[in-house]
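The following pair of complexes shares a single chain, chain A, combined with chain B in the former and chain C in the latter.
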Partner chain A sequence: MDITRFISTHRKLLLVGVPILIILIFLATFPLYGGVYYTRLLTTILMYVILSVSWAMFSGSTGYMSLAPAAFFGVGIYTMGFLQSTLPFPVIIPIGGLFSFILALLVGMVTLRLRGIYFAIFTFGLVVFMSEVVAALESDLFGRVGQHINPLPDETIFYAMLVTAVATLLAIYFIRRSRLGLSMLSIGGNEEAAEHMGVNTTRVKVLTFAISAAFMGLVGVIMAPVKVYIDPRIAFSLSYSFMPILMSVFGGMGQFYGPVVGAVVFAYLEKTLRAQFPQYFMLGFGIILILVILFLPNGIAGLVPKLQNRLGGVLAKLRKGGEAEQHANT
Partner chain B sequence: MRILEGQGVNKYFGGLAAVSNVDFHVDQGEIVGLIGPNGAGKTTLFNLISAALPISSGEIRFKGQKLNGLKPHQICQVGVGRTFQETKIFGNMPVFQNALVGAFFGTPTRISGADAAREATQALDFVGLSAMSETPVIDLTLVNQKRVEVARALATKPELLLLDELMAGLNSTEISEAMELVTKIRNTGITIFMVEHVMKAIMGICERIMVLHHGEKIAEGTPQEIAANKTVIEVYLGEEINAGS
Partner chain C sequence: MSELPRLIVSGILSGSIYGLLAMGLTLQYGVARVLNIAHGEFVMVGAVLTYTLYTSFGINPLVAAAIIGPLLFGLGFLLQITLFRGLKAWAPSQAAFEGNALLAAFGLLYIISYIALLEFGAFPRRYDWLNYVVEFAGMSLRFNRIVAFAVAVVIGVAVYLFLTRSRLGRAIRATAEDPPTAGLMGVNINMVLALCFGLGALLAGVAGSLISMLIPVSTTLGFRNTVIALIVVVLGGLGSVPGSFIAGIIIGIVSSLVTSFWQPVYVVPVYFGILMVLLLARPAGILGKK
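What follows is the complex of A and B.
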C-alpha cells in the first residue's frame, strides 16, 4: 500500500530518476567488464556530450553562434602539456577549466558586442589565432613545436571524464533552470527588449560564454593523455568546434537532453563508421545532417512532443473505445 | 512634482539633428502624449530616455537623478519601463516567461523566485492575459502581443511607463480597450508618457500633449489647445481634424 502510494505521488521523479540511476551505475562499472575498446569509445562519447551540452548552453539559448570550442578545448590540452610534470592530473583538470574561463572572459568582453555572423567569424578566428600563438610560444620558449603527453591508464581517464560529465550536466541543468538561464533565453528571444527589461545583457553574455568555455577546458585536459602526442594543429583542430555544433543541431537545442542525445548518437556513429568506411563516413554524416535540418528542424528532441501527442491521441481513442464498449455492455 | 525632465536634449545622426534642443517634462501621475509626423523624432526621444541611444548633448533627469550615461538595464531598474513601436517579444517563450523576465530583472533588488512568479502573474492578470500564460507569445495576435509587452514592462515595477505607439495596428474596439488599460495603469500610480498616432486616443486620455516636428518641439498644451494650434494643424493634424473637433 505504502509502496503504491509512493509510486503514484513520485511518479515523475521515478520515471526520470530510476533510468538515470541505472545509466549511472552502468557507466560507473563499465570498465570492469566493457573492455579497452569500448571504455575508450565511451570516453570519447562523454567528451562530445560535455562539449555539445556546454556549447548549446551558451549558443543555443543566446543565439550567439560560437565557433570557439576548439580554442577552449585546446587550451585545456596545452594546460596538461605544460603542467603534466609539475602537478598531479586531478589538479590540472580544474586549472585547464580556469584558463579557458579566463580566456573566454577576456575574449567575451571584447567580442560579445558583435552580433550574428561577425561573432561567429571572430570566434572562428580565435581558434586559428590560439593555434598560431601557442606554436610561436612553444618554439620561442622550448625551441620546438609539439610534445609528448605521458599516457595514463584508460580507467583513470574514463573516470575523470565520467565525473566531469556528471558535474557538467548537473551544473548546466541547474543553470538552464535558474534566472541566469532565463536571462540567456531572453537575450536569444530579443536582446534589445531584454536590456530594457533590466537584464544586464553584457554581463550575462560574457559570464555564460566563460562558463561554457570552462567545461570545454576541463575536457581538453582529460583528453590530452589520450592523444599521446600534441601539437597546436592537433590541439586546436577545428573539428572540436564543428562536431559539438553538428551534434547539438542533430539532437535539438530546445531541450536539455537534445545535445546529449545528439552527441551520443553522432560520436558512436563517427567512431564505428570511420573504422568501417573510412572513405564514405563523412558523406554519410553530411546526408544525415541535411535530412535532419530539412525534416527535423528542432532535432531529435523536437520529435518527442510530436510523438507524445500522437501517442496520446491513440491512447485517448483506445480509452474512449473501451468506455464505449463498457457502456454498450451495461 | 516633475518625475521626468529633459533640458536642451540633442541627438545627431551624422549631420542630421533627429532631436534638436528639446526641453520637456512629465509630472508625477500625468498621462502625457507625444505626437508629430513620421520622422519627427518621437521614438528617438524615447530611445534617449531609455538609453537605447546615447544622448548627443543635454540632460535628462528622472526624479532628480541624472540618467545620462546609464545603461538601458539600469534605466529600467531605476523605474522607467517601456514598450516598443514594433513589438519586441521573446517569441518562443510562453507569455508567463516573458513577464517573468521583467519581474526578475526589472528591479534593483534581488527578488525571490516565488515573488517574481507572483508579480508576473499579477501583471498578466492586470492586462487580461492570465488565460494564455502558457502560450508561446509568437502564436498570439498583435493586440495580445502588445498586451504582453505592457505586462512585461509592468512586471518591472516602473514609476514611469513609456508607451511607444501602443495602439498602432489595432482596430477600434481594441483601441478603446487599450485606452481603458492605459487609464487603469495610471490609476495604479504609474505615470504615462506615450507616443501615439491615434488621435482619438491621444485626445481622449492625455492631460497634456507635446508636439515634435523635425526634431523640434513646436507646441505643448492641453488636448484642446493642441487641437486649436495653427502650427500643429498645418504640419500634422490637417484641416479635417480641425473641422471635426
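What follows is the complex of A and C.
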C-alpha cells in the first residue's frame, strides 16, 4: 500500500482522526501518571462536557431553552442513591439514563406542543418539583432526607465517565448529522416552515429532548459516588442547569466543538476558583454569561470563521501585494 | 372542617402577595417579551433591604417598601435600556431574542443572588412588626398579614387602573398588542418597554417587602418565588394582569389548604399538577386569550 497516496486521499480524516486518537490515548492512560487531583479534575471536566454538549444538542439547535439539566442530572444521582445497595454500579448507569429519558418524555409531551415560553417555564420549575418529590419519597422510604453514597475508587469513576463521554459525543455527533439533527435545525430556523416541509416537529422535539436528558441522567449516576453524601438540595442544585448553559453559550452552540471548549474552560475555572473565591466566582460567571450573550452571541466558535476570514483577507492581500511587486519588477 | 374558612381567608391573604409579584412578571413578559427568571431575586432584594432598613434604621416596613419600590424601578428601567435593548437590537429574530433574554436573565439571577449572599450572609433572619393576633369575623388572624393583604390589593388595583384608564397605560397595552403599529401611532416603544420592566421590578420589590413582614428573610427566597410567580402567571394567562392577580389568590388558597390538610412538602408538586393539567387543557390560562 502506498502511504503517500493513502495520506493524500484521506487527508481530512487523518487531520481530525489522529489528534482525536492521541487525545483518547492520553485520556485513557491518564490515571496511571496523572495523580488523584488531576484525575478528579478531568472527571469533572468530562462531566461538564457531556452535560453541555447534550444541552446544546437540543436547546442550541431547536431554540427551545431547557432550564432543567439539573433536574435530569439529579434524577441520575438519586437513581444511584435508591439502587446502590441492590444493583451493581455499571447496571445503575443505564437505568439512571432511562429514568431521565422517561421524565423528559413526559415533560416534553406536555409542553413541547406549545410555544417555547411554556417549555422554559415548565423546565425551570421542574428542578424544584423534582427536588420536593424526591424529598417526600425519601422521607417516606427511609424516614429521613439525605443519604450516604458508598464511595468508589477514583479510577472506576473516571473510566465510567470517559466511556460515557466518548459514547455521548459519538452519538450526538451522528445525531447532529442525521435526519433528526437537520429536523432540529429546521425547527430552530423556522418552525412553521419545518412543519410545512413535512417535519413532525412535536415528535422530533420530544424525542431529541428526551435523548439529551438521558445523557444527563447517565452522568448523574456516575457523579453520585463523588458526592459521598446527597440530599435533594445538593442533587438538584441550580448550578447544574446554569453551568452547562454558560459553557455552551461561551463556547458557541452552532458548532459541535463549541460546548466542549466552553466546558473545558469553565470546569477548570470552577475547580480552581472555588477554593480561593468561593462566592465571587459564581458572581463572575453570571457576569460572564451576560457579557457573552451581549457581545459574543455565537460564542468562541463564532469567532473562528471571522478570524479565518480576516486571516484569509490578510493573506490574500499579501499575495496580491507580492504579485503586484513582481509585476512592478518585470 | 370548621378550620376551612380560616384556611381560605389565610390563603387569600398570602395569595394577594403572589398576585402582586405575578403581575410584575406578566408585565415584563407580556410587553417587553423578557421571561425574567430573575424576578424572584428582585423579591429577595426587596425583602433583604426591608429587613435591613427596619432593623438597622428603625424604618417602618411600609415606608421601606415606598423607598425600595422606586429604587428597584430604576434598576429594572436601567436593565431594560441597557441589557435587553442591546439584545433586541442584535437578535436576528423575535424567537432568538426571547431565548437570549431568558439566558441573560439566568445570568442576572446568579449575579443578584450572589451579591446578596456576600452582603447579607446565608442565614435566615426575621423581625417582628405588628405580629399579633386580632379577631376578625370569628377568626384569629395575624395583623401583619392583614396589613400586607391591604397593601397588595391597593397596589394591585392601582396598577390595574393605571393600565386601563391612563394614557400611558393605553400606550403600554397597545405595545403589548402590536409593537410596530403602536410605534407608528406615536408611542415611544423603548420608553414603554423600560417602564414596564421597571414596573415589574417595583412590584417584585414591594412584594418582597410584604413577604419580609411574614416569613424569615434569606437570600434563597428568590428561586422559590420565581417558580411560584411563573406558575401563577401561566394559570392567569401569560400577559393578563388581572388574571395573574386572581390566579395568585387561587394559588394562595391551594397552598394554604395543602399545607394544613397534607404536608408542606407537597405544595410544589400540587402546583405542578395544576400546571400540567392546565397546559394540557387550556394553555391560555383562565383569563388569557386563545
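One rule holds for everything that comes next: the second predicted complex is superposed on the first by the 302 of 330 C-alpha atoms of A that agree within 3 Å, B and C clash if a C-alpha of one lies under 4 Å from a C-alpha of the other, contacts with A are read in each partner's own complex, and residues count from 1 in each chain.
Note that in this section a contact is a pair of C-beta atoms (placed from the backbone, for glycine too) under 8 Å apart; a residue touches a chain by one contact, two chains touch by 3 or more.
Given the structure is predicted, the values throughout are model-derived calculations rather than measurements.
When both complexes are superposed on chain A, chain B and chain C end up sitting side by side without clashing.
In the overlay built on the shared chain, the residue A:S186 is in contact with chain B alone; chain C does not reach it. In the superposition on chain A, A:Q279 contacts chain C only, with no contact to chain B. Of the two partner chains, neither chain B nor chain C is touched by A:F26. Once the two complexes are laid over each other on the shared chain, residue contacts for A:H196 go to chain B alone; chain C is not touched.
Counting the residues of chain A touched by each of chain B and chain C gives the higher count for C.
Of the two partner chains placed by the overlay, only chain C lies in contact with A:L289; chain B stays clear of it.
Legend: residue contacts after superposition of the two complexes on their common chain; A:Y37 is shown touching neither chain B nor chain C. Once both structures are overlaid on their shared chain A, chain B and chain C have a minimum Cα-Cα separation of 9 Å. Once the two complexes are overlaid on chain A, none of the chain A residues touched by chain B in the first is touched by chain C in the second. Those residues of chain A that touch chain B in the complex are listed here as 179, 182-183, 185-186, 189-190, 192-201. In the complex of the two chains, the chain A residues touching chain C come out as 63, 65, 67, 110-111, 114, 116-118, 120-122, 124-125, 128-129, 132-133, 135-136, 139, 238, 241-242, 245-246, 249, 279-280, 282-283, 285-290, 293-294, 297. Across the complex, chain C meets chain A through its residues 29, 35, 37, 83, 86-87, 90-91, 95-96, 98-100, 102-104, 106-111, 114-115, 117-118, 223-224, 226-227, 230-231, 233-234, 238, 263, 265-269, 271-272, 275-276, 279-280, 283. Chain B contributes residues 50, 52, 71-73, 75-77, 81-82, 84, 88-93, 97, 100-102, 104-107, 113, 116, 152-153, 156 to its touches with chain A in the complex.
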